[in-house]
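Here it is, the structure, as structure tokens.
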């Protein structure tokens, strides 16, 4: 019954990588808390780099600066 | 003042269906808790089927398998 | 498979009212989109009135002012 | 270490405006709580006007009506 | 820089289990996407069983019925 | 109409500090995007330090280590 939300920047993540995130997050809840995987939901949000900030500036600007 | 967030898979939901979700969720808060509809916010997130997992796999794969 | 999150102020909502919110939100997804209720998740967050703001001030202050 | 999520309607917000939201939200956490800006995350979600409801109807309809 | 939110029912999860969820979710992002663990944030929300619904009823009721 | 969610660790934040976060976040949306403060919602979530992870470990452990 757990719900896991993973937010990452939108930078070419493949369907296969998303499948691994879903599988891994679900298995984590099974391993640590014995949760039922059949009702475990994982939602991945991909966020444009203009819309993600850290250190007070967008990831777009950080990438451009080479940080 | 309530805030309702509805997350569903992105599978051709129409503007009319979204309008009914917004109307219904707002009315629910009025009916059950007497909330003011004028300040009740509803946000609908549509999520790609690659990005939604249940049972450890994406909805894309489940749909392909006929689950 | 939908996920619904309802955020309301923490002001004495009863277990019965929460049950009605869960039932109503689930039925809404069934009625409008034909979703399977067995995998529809509803999570209610109750938020202290100090922690909820609207119009630039907390609900605690608004309640005290009679708004 | 704070996490700030700003949800707004998708109506032509520019990269510069997003940068100001990121800068301002980060600075707010520094000013009020002395948080470290280097680990303060800001995520901006832009939501289609069909998917945002207030007063029981979508923002698309409200804009069309001139509200 | 990823942000992971894990929502589970509040049913006696220990600090050690939470530490394992944090460690595991962070490592998952490192393994699958090569993310920097130092800026990966994990937030665990524990939700009262009255406030979590599935199948149209609260987890409290389901537990009482033995589901 | 914007919705702002601020997540911080639960470490003795006062009602006055919360009021300043609400006022500041609301003003930010007014200044940058010209939003109406009367329908701008701010929700502050305080998260136990056991439940917040960064760098693969909980804030509780980081505080104990002096990080």
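Read from first to last, the chains carry the letters A, B, C, D, E and F; within each, the first residue is number 1.
In the analysis below, contacts are C-beta pairs under 8 Å (C-beta built on N, C-alpha and C of every residue); 3 or more make two chains touch, one makes a residue touch a chain.
From a predicted model like this one, the values you see are computed outputs, not experimental measurements.
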Fewest hops from chain A to chain C - one hop per pair of touching chains: 1
Shortest path length from chain D to chain F (each step joins two touching chains): 1
Any chain in contact with chain A as well as chain F: B, C, D, E
From chain B, the most remote chain by mean C-alpha position: F
Chain copies touching (chain E, chain F) - same or different residues, decided at half shared: different
Superposition rotation for chain B onto chain E, Cα-based, multiple of 5°: 180
Relative to chain E, chain with the most remote C-alpha centre: D
Option in D-F, E-F or D-E whose residue-number contact pairs overlap A-C by over half: D-E
Between D-E and B-C, the pair with more C-beta contacts: B-C
CA centroid of chain C to CA centroid of chain F, Å: 20
Chain A and chain E: spacing of chain centres that average the CA atoms, whole Å: 14
Sites on chain E at which at least two other chains make contact: 1, 3, 7, 21, 25, 39, 41, 43, 52, 54
Touch-based graph of the chains, sorted into line, ring, star, complete or other: other
Chains touching one another, given as label pairs in label order: A-B, A-C, A-D, A-E, B-C, B-D, B-F, C-E, C-F, D-E, D-F, E-F
Chain E to chain C touching residues, read off their complex: 7, 47, 50-58, 60-61
Residue numbers on chain F that touch chain B, as the complex places them: 1, 3, 39, 41, 43
Partner chain E, residues of chain C touching it in the complex: 15, 18-19, 21-23, 25-27, 37-46
Contact footprint of chain F on chain D as seen in their complex: 1-9, 13, 17, 20-21, 24-25, 28-29, 31-33, 35, 39, 52, 54, 59
